[in-house]
Every structure is written in structure tokens, then in C-alpha cells.
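Note sheet for the following structure.
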């Protein structure tokens, strides 16, 4: 992927913001342990959110490759903050496809400006990757639906203003086909939240949401009844490539820092970069990240061309976080004991990136998708 | 990389030829232990050689990405045969940059048509990757140079008609700066050859060339005296990406065969593809190859855009053969003992691909290049 | 494992034979079309074949750790030949445990001297790792059994003089419990053989055996009817650690050669061993092989102590050949292109060791055994 | 290694203490700001601290293999606490070998009871792995030495009661031969400390020590002048195998927890252990840890037998922590998002074990030692 001139300009803006604003505060933000909403607004003002969304809704009308570039650049400075533009692009696209016009016109611009955050609520306590098994019930009651149940492992659970909730409107036997999606506007009553004590990405506020007699107007059902599940799965392909690019950004930051250290730090009277035992693992890391980066952009290019890219997206999703984790680990070790202190960001990047080895589909689920794309039902045992 | 319509058409032609003509004879060709010149001519007729060379010389005037596509497709059928178009593109480009007009007009079309093969003669017995240390002497004698010495590890040593030889015209102390390049036309006297007993790629005929009082006209010196070494190094960046694509092609062939086997072969009453212990390693192989493929095409795109791509080319060169080897090994194991017989091509692909883990610069040399690109002289100990 | 004085003496004898007799002929033996009987007799004469067999039948009465030492030492010189002491000790002990006296007395001494070779005939075409699914039929007919069916993937199929054949005497529904073992000698009417065109271990002569109305006297039944499968399985655990040591021996030979080369070969004016890019992969290989070696000996110690060792044996088998393959590959690359010629042993060691990644239970089967040892039936999906 | 009855009994005691006392408090202890003296005293009371020390000073007089067993068992429950028996046995044996009688008699018993903690002060800010380069000065002044300088990366810097300080009494050119060891007690005027903000092993309290005109009586010199460095280096080889066993213990704890989870947790209507994508990575982890464990015990056996074990120790140290880190990472992922919370121990084990990838000689230093053991000076570039 070679950026166009427009993309280069945006990339430059994102890079400047990422390195000058995000990077210096990356670790402090974790210590503050809270999402910084003003930061989201600043990204909104800089045009870093909704780059792939229509201009009339506040976006830039660019393509998804541009969104990928922004994701990668921002993650260089702060892996967690870079989750917001990904979130906006993914969620706004879902709203635009399925929500009533008034919801789109009100909420999408608010999301792009960084004023409102929307959380996708899919996973349930007994669920994990087995999403077809949803239990949160929605009962019809006049012009409304009444929701009862629990969602867990929700990104931005703690800070979200708007929700997209997947609920069972059909019978349990219907599996994925009995699932519908609802948009829940700000201020809806009956929702309570908890926040998890996670190993990383703490400002993202993963947590549980409890729905107790939550009343949602029927017109907030997104898409047809019983088609909710299929709708989200489409979005995942997109976000999987973006996630991989976030991981590439974080790994690249650690690589750049480790290279710089290897150039300055001396041992046995020479820069440690002269020892191939130091430089070669970094060269391998550069190579692996470079390859995954290009596969990710290729996946986005396939998307832009309207071509099938489920397999490629799954590849990005498992390789990106895993490789980034291993590469950052190597970078930490390059700095010796100094790398192992809290003074350097490598340890946090490892913890942050690790969350995406799990979230949005584990490596196992991704490999199963790839296998299914290659040999169909013969790959599936369940 | 998403192919354009023109590229798709060529890709389709290459694919058809590769799967229908090359693949069925892949193993037999090794048993015949000789280069099949007619096959080269057929590729010439099909427009698969010199795709990136000018139309007036018999090429197709396409870009290097197209050449990459062809390389990958052909390697799917026969890794060794796919070396020829790479050879043609690389060598013809060198001739076109530096050779006298009459040489270009005579030889380049012959190479593109598959009638003539040119060998690059760089490595020497005491050399390996240490190319600045060349010893083959060229003494000036009137309008000629007289060459004496030995080259080794030369691809197509046995079958080449034309040679590009790197010789020392300066003093040993001049290092790489005392090296010049000569074109040697067909039928020049004083050259003898041997062929190595290699583990793989046997039809490529790696071997030694002995030069005894070989007389070459001074006007066949390519480029300025003492600039030979720099000229070739430029070409290597290009061929490194193509080599990686050859490796991707070979690995993809094994992957496709292994997937097909995993779908049909049953154990414990089900297709073995249902066992994640079988399908996941294949899914990982698919992913790794997909990523390296895109990095390779990206490297070619950088070249097309006139941008720096030395680092990326080095990444392709070490990751491509290594990953392909490991992936093909996994595919062989997927077929169990059947894969371990000579009936299946995996063992040959492993042996063939392994040669490029070494040739044209080892993984160590590549990683050194990457490190130098990142931290400059601080990376170099010698 | 630290050898005692007796073990040291025997190990020293094996080492001398291995390095002075086996190693120099290793490459040449690859081209042989049959088993080298004289070599086997020489090993018999040196006492290397019956290490763990009782002294009263001509063995040395040593523990299995001692057999491991001999096996590893022999594997250093010739991976394939080192199969023989395992074969003799394992097969003779099966006969000693279960065969009628007349068989033991006639044949075991001849196995110990290297004069006669026994093949275990278990696997069938539709079988692979699913050994309980034996279909070769044995019908009782008066004082005889009549055998009909096919065995495949039999080690020493081409050269064995005597066979232990597992046949179904019960019904298919009896599974492993309907299987009986029979002792059959070469020359019995109705037996024919084929030899596979394997990638490695060619002197071992893996192949198929066809039984057509083969008459076996009832007194040549080994063990009771329906007890055949259990008897053989008892020996398998033990042999997996020995296979691991064969692989360690072969890898160590390549490592030693690679270290020696790294010490002598110069590049950039220094031994290549000074480049950590060269030395560290070898140091890693040394470390991995050292660890696996100790696990193998530990497994044999467990066996000698009468302790459970099923999971440990599976670990030896799943890690040993795979790691050895990768380590030898790295050694080959250390030699550059010279390593890639047929002149060095690395390519053959890779081909030979690879067979053991598959034979006697693939890595997947081994991992399944390990998993079952930890979580029981919860690990099994079939 | 198969434990004898005495070793089994002691191992059982250590196991019980480790699982019932250490393991339940492992996560909580991470947040402690100082070493838990009561825990140390409890271990002293159980005889776990002086395993390999002579009975006459209150130890158990066991071999180092036995100390390894205790270390591994304790590492299962708390990786950091398992550092203590190594610390006590190693340091007390240094004192026993070289310190004046009055020091031994006063302090060794208190170390054995867990009452007093000793820190080895070797590394300096400009030092790292280059330990012969010590700069902290000790000037003779009458019957005293005056120490000035800084030590860093000292284990137990925050809590130690007594210190063995390596200081330069000779000139800089003397290298390691100008270094002398001094015994210094807590409370001596002029010593100050800082504690690092480490990623893991926080209870260990790695930190710096500053010596400003610290007066040490000449009778507290340990060993002769200029002999300090050799004395400490003698102990290091031995401890590397123990560090390997600490890592094995920690990894085994995570493995056991992951297996248990794989057995209970269901997805798609079956235990997730039935998915080979889940069970096989655990089986691979079991195998690798099992192999490294045996190499560690083998190394200790070599030491107990008075045999060379430098290279083996380096192998334990380079492979143990790295492999344990990767295995624990895999265990964490087995738990999905639940594993990624602070509720499970995996994240802490990863952070703790990672410190040992760096401390006491990095993996690179270890590989250099291994390489040197194979090809001598040809392996060294500096």
C-alpha cells in the first residue's frame, strides 16, 4: 500500500498528533484509569474519526484504507485511544445501513465528533465466541420491546452513551436466526454497568451491562427481525483488518524505540546493535510486522473493490495481535532490565495488545474461519 | 495487490500453463535432470517472459507487479521453471541499462523468446556473500580484456548461452570499487563448466565456470570501469521480491494439495480436516504466506513508484523461502507417510525452496541489510 | 542422566563403531537397495543388538537407559542403522513375553546376532494411526490359521525374515479385542512384498506385505486369541523415547559438523562463528536437543523404575523428530550452498528424521495422548 | 531425575506449603511493598531454606538436585518466593567458603531461619552483563576499608539485612582481578537504597544501593584481596539450573490451571479440551517444560557429580524463562478474556518470569557461553 496524496496528508496529521500528543501520555492515561473524552473530541476536530464516513454526516468521505492508515498511526502513540476511530467507523456503518434516518442524522455526527461513544453488546456470560447462543430476551410489548438480561466483555461498557444490543427475539432453538439488533439511545433507563479489572487496555473500560426492563421502541430494531447476527458479522471483517493495523502501529513504536536504544546503548565497547543477537531479532520483527501490515491493507483494498475478504480478515486478526505481542516482548528484552521497569511503555503495549488476541474472536476462531473458507463444512466438527 | 484487468488476463494464462503443463511434469523434470529449453520457448510464445520489458524488444511493456504475478503463478506448477522469467527480467534490465545498443537489440529479444539464457556470474570460491572480495582478473590488452579465474555457484551455469561476469579490473585493495562487469556473447572461447550435485533445483544447473584466457571486447564492459558491483546490487532488490513470490507460489501449491487431502482423507470416521490439529497448522500456513505475498507485491509497488525498497526486499527474501519451507514441510506431514514418499511433490518443493534460503544472499545477510537500514553503521561489526 | 562405568564403556564402544564405521558410509548407504546384513552381524558381534535383553538369551541384561545410550550413539553415525537395536530389543522382548518356547529358542538368538530381522506387521491401508481397526483376517482351519489381507507401512518390509502379524480372529465389533498375533516366517507360501519409494530411511525398506491364504500353524500363535493388540502396545511407550534419542543423535552429528565449520570457515576476515547470527541459532539448537535428550533418558529411567511414562514417551516422540529436523535444517544452512549439495549429510538426515515425524504415531497422535493424560476423556472428540 | 524417598518427602513438604500457603497469596503478594519476613521464617522452620547446606550449620546436607526439587515446588506456588532458598543456599555457601569464622557463625544461622536476608551487590550502572568492569572503590584506611560508589539491579535491595559487596581494590586495568568482596551489614553509616518500579517480581525489591564513605572493618573482607570476582562466579553456573526450575514450576502451575479449565469450560456443547486447537498448544507446552525440567535436573546431577556443567547451565537459563513465558501466555489465552483479567495468576507469572529472561545474564549472554563452549574463542567478537 502506497498512500495517495490525500492519504499522506491525513497520515501526517495523525502521525503528528499520535507522536506529540498521544505517545507522551500513553502510560499516564493508564494510571488515570479513565477514558479521556476530550481526547476523542480532539481527534474529531482533527478529522481523524469517521474518515470513511460521508461528508454530510461529518466524515471525510475517504475509503477504508485511509481509516486503516489512521488506526495504525494512532496506535503508534496509544493503542487504546486508537480503538475509538475503529469503533466509530464500524458502528456508524452499521447504523447507516439499518437505523432510522433520524437516529443516523443525530448520532453519527456525534460519534464522529467524539462527543458520543457507542458500544456493541454481543457477548454474554455463557457465550464467548459462541455468539449464536444468545440469551438476552426482548419481549414485544405494544410499540416497544422490553429487554432483560446481561451482556459481558463489552468494550467501552463504562463510557458508552449509545448501545447496539443483540437480543433474542425468537426461540432458543432458532440459534443465530432468532437474534435481532436494537439501537438504544442515550439515557435509556434500566441499564447498569460494571468495569473489569483487566490486564490491559484499562481505559477502554471492558465490562458487563445489565438490562432490567429496558424499554426500546420497536422502530429502533436494526434490520429485520431475526437478522441481527448476520448484520454484525459483516462489520467484523472490516474491523479485523483495522485491529491488525492497530497492532502493527503499537509494535512499530516498540521497534523504533528498540532500534534507537540499540544504536545508543553500548556494551563491550560498541553499540549493542552491532551484535547480531540483538539486531537480528529486531530485523525479524520488522519483517513480520511489515508483512502483516501489507496483508491488512490488502484486505482493506479487497473490501474497497467489493471482493470477498473474510479469509484475509481472519488472517489479519490472529496474526496481528500475536505477532505484535511477540515483537514487543523482544523489544522489551532488547532494553534489558530497563525495559522491564514501568518507565518504558513496552510492558503496557504487551498487556494492551494481548487483549486483542482474545477479543473479537480468538486465534482459534479465526483459524477455523480460514479452514472453513478452504474446505467448507469438512473443517467443522461442531 | 488486486490485479488490473490486463494483469488478470496474463495471470489466467500463466495459471493455466502452470497447472496444466508445468505441474504434471514437475517431478519428472527433476528425474530428467536437464533444463527443457522448449519449455522456455513456450513461455516466450505465451508472453510469460519479459512482461516488464519494452514491447519493441519483444516484451509486454507491463510493470514489475505483473512480472511478480507471473513468477508466483509459474512457481505453483514448477518452482524451478519459474526461475527463468525472473532471470530474464533481471538480466535484460541490466543489459538495457548498460550494454551497447547492438547487444541489446540482438540478445534481449532472444532471452524473451526463451531461445537464449543468460547467467550472472558474481560469486567466487572464496566469496559467498562477501562479493566485494572478487578475484577473477581482467587484464586490458589492446581493445580487449582477457579474463582468467573461476566463478562458482552460478545459476544456469550449465545451460547459459550468454554471461554477465563481474571481474576485478582494479587492485584488490579497491574492494567493490575495483570491480567491473562484462557481457560475454555466445560462443566465446575459453569457458568450461561443471554442474553441482545439489539437493534441489537440479534442472537449474548450479555450477562453476572456469575462465581461461577469455577474450572480451572492451566495448562489452557494462557501465563504467569499477562500477560493476553497484549496478548488480540494484537488480537484487527487484529479484528478491520476485523470489519471495516464487516461494509463495510453491507453498500455495502444497497448501492447496494439503487442504484437498484434509477434506477427503478420513480418520476416526471423519475428514481429517475436522481435527484442528490438522486444519490449524494449514490455516497458519495460509496466513503466513498471504502476508508475505502482500509484502512482496508492496515491495514491487514501491519499486514502480520509484521509492526506496531495499529494506522491504530484504524482508521478502529471508521470510519467503524460510516460511515456504516450513509451510511445505507441514503440508507433507499432513499427508502422513504418503506425503513422505516420492509420489507427492512436497519433498521436492522443500528441497527446491531451500536453495533460495541460501542463494542470492542468506537470511543473515538480509537481516543485516534491514538492521543497517534502521540504525546505519551502528549495525555493522565488520 | 549420568552414565555409570558400564554404560560408559558400552557407550564408548557404540560411539567408536558409529563414528568410524557407520558415519563414513551413511550417505552411500542411502543408495543401497537392501539392508546391510554384514553391518548387522558386526553390531551383533559387538553386543550392540541385545543390550536390554536377558543374559540367558545372549543379551547384556542392561536397563533401557543403556539401550538409549547405544541408540543415540548409533544415531549419530547412521540414523537408519540405529533403528536395529531398538527393533531387536523390542521384538525379542515381545517374543520372550508371549511366544511359545520353540519360537523363542529358534529365533531370538538369530535376531541378537544380526542374522535375522523381524518385522512387526500392524498397520493396514485403511488404518494409519487407528490401529484397533485391523481387517486382515485369520480363519481357524483345523490346526492352522489361514491369513488373508494386507499390511502396509511396515518397517523392514523388504528385508525381514520373520514377521509378527496382527490379524482379526474376532469380529469387527470386537475392536482391538478381536485381534491376535501370529508368528510367520519368510518363505511361507502366499506372502508377497512391495517396497515404497520413500523420501528417506531407504535402507529400512518400508513397504507393504500381502497375505493370500497364508497357512500358519496354531502353535505359531503368539499369546492368546484376542490378546494381540495389548501385547504390542505395551512395548510402544518405551520405544518412543528411543526414537527421540535416535533423532538427538542425528541432530548432534549435524550440530558438531556445523560448529566445526563455523570455527573454520571465514567471512569478512573472521570465523563465521563470531557472527551471532551464525552461532546463536546453533546454540539454540544445542539447547533444545540437550533438553529433549534428558527428557528421553528420564522417560527410560521411569520405565526402568517401573513407573508410569506414557505421557513422557509421547512428548519425546512429538518433540524429538520435529526439533531434530529443524535443528539439522539450520545446520545445513550454516554451511551455505555447500550444505545444500549432496556431499554433506544434512539433507539426508533431514529426509530420514522426517519419516519419524510420521511413523509410529504422528505428532498429533502424541499430543492427543499427552492431552488425554492430563484431562482424560474430555480431550477426545472421537 | 527420579526422586529418592528422602527427596520425595521433602518435595512433598515443599509442595504442600507451596500449594496451600504460597499459591493462595501469590496475587496479593504482588502488591506488597516489602518482603514477607513471616513467610520466610515459616519456610526456615520447615527446613526449606538450607536444603543444600551442611548439617553442622543447620542445613539438610542434601545435594543440589534436592534443592532443585524444592525450588521447583515453591515456584509452582509463588515464583518470587521460590527465589529465597536459592538465595540462602548460594549466599551462605559463599560465606562458608570464604568468609571469616565470626561472620559465618553470626549470620549463616539467621539466614537459614529466614530471619536475615543477604543481597549480592555486583552489578553497576555502567555494567550490566560486563561484570568484570566494577568501579565501586574500596580504599584501605588503617584497619578499615572505605567504600564509595553505586550498585544497581540488586535483588532484595529493598529488604536485605546484609550485603556482599564487590569493590575495586586494585586498578581499573586489573579487570576482574582487582575486585574484592566485603561483608557489610544493614545500618552501617553511608548506605542508602532505592527500589525500582519493576514490571514483575515486585516483592523481590530490585533496586540500587549507594555507598558513601561506608566504613568496613578489614576483618569483614571476604576472601583475599583481588579474589572477589572468582568466588562469586563459582556459584553462578549452579544457580542457572535452579532459575530454570523456578520457571518450570511457574509454567506448570499455569498449565495445570489451563488443563483444568479446558476440562470444565464448555463451548459448542463440549469441553473446550476436545478442540485440538485448545489442547495441542497445552500439550506442546507440557512437552517443552518437561524437557527443560529434565535438563535442569541433569545439570544439577552433573554438579553433584563434580562434572563440568557450564554450557548446560547456560542452556537452562536461556531456554527456561523464555519457554515458561510463552507457555504461560498460551495458558492465559486458553482462559479467554477471563485469563486476561487481574483475577487469574497468569499475567503475574508472565511479568515475574520475564524478569529472569534478563537478570543474571540475558539469553544472549547464555548463548554466547554455549557457543564458546563449543568453538572456543572463535565464537567471540569482542
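Labels A, B, C and D are assigned to the chains in the order they are written; within every chain, residues are numbered from 1.
Please note the rule applied: a contact is a pair of C-beta atoms (placed from the backbone, for glycine too) under 8 Å apart; a residue touches a chain by one contact, two chains touch by 3 or more.
Please read all numbers here as calculations on a predicted model, not as lab measurements.
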Statement: The chain whose C-alpha centroid lies farthest from that of chain C is chain A
Task: Report which interface contains more C-beta contacts, comparing A-D against A-C.
output: A-D
- request: Measure off the straight-line distance from the CA centroid of chain C to the CA centroid of chain D, and report it in whole Å.
  value: 40
Task: Could you please state the distance in Å, as a whole number, between where the Cα atoms of chain A are centred and where those of chain C are centred?
output: 51
Statement: Residues of chain A that touch two or more other chains sit at 270, 275-278, 280, 364, 367-368, 381
Task: Among the residues of chain C, pick out those that touch two or more other chains and give their numbers.
output: 270, 275-278, 280, 364, 367-368, 381
Statement: Listed in rising order, chain A residues that touch chain B in their complex are 1-2, 259-260, 262-263, 270-271, 273-276, 279-280, 282-284, 286-288, 290-295, 297-298, 301-302, 305, 307, 311-312, 314-315, 318-319, 364, 366-368, 370-371, 374-376, 378-381
- line: In the complex, chain D touches chain C at residues 1-2, 259-260, 262-263, 270-271, 273-276, 279-280, 282-284, 286-288, 290-295, 297-298, 301-302, 305, 307, 311-312, 315, 318-319, 364, 366-368, 370-371, 374-376, 378-381
Query: Touching chain D in the complex: which residues of chain B?
result: 275-278, 280, 381
Query: If you look only at chain C, which of its residues touch chain B in the complex?
result: 128-130, 153, 196-200, 206, 267-270, 275, 277-278, 325, 329, 332-333, 336-337, 339-343, 347, 351, 354-355, 357-359, 362-364, 367-368, 381-382
Message: For the complex, give me every residue of chain D touching chain B.
response: 275-278, 280, 381
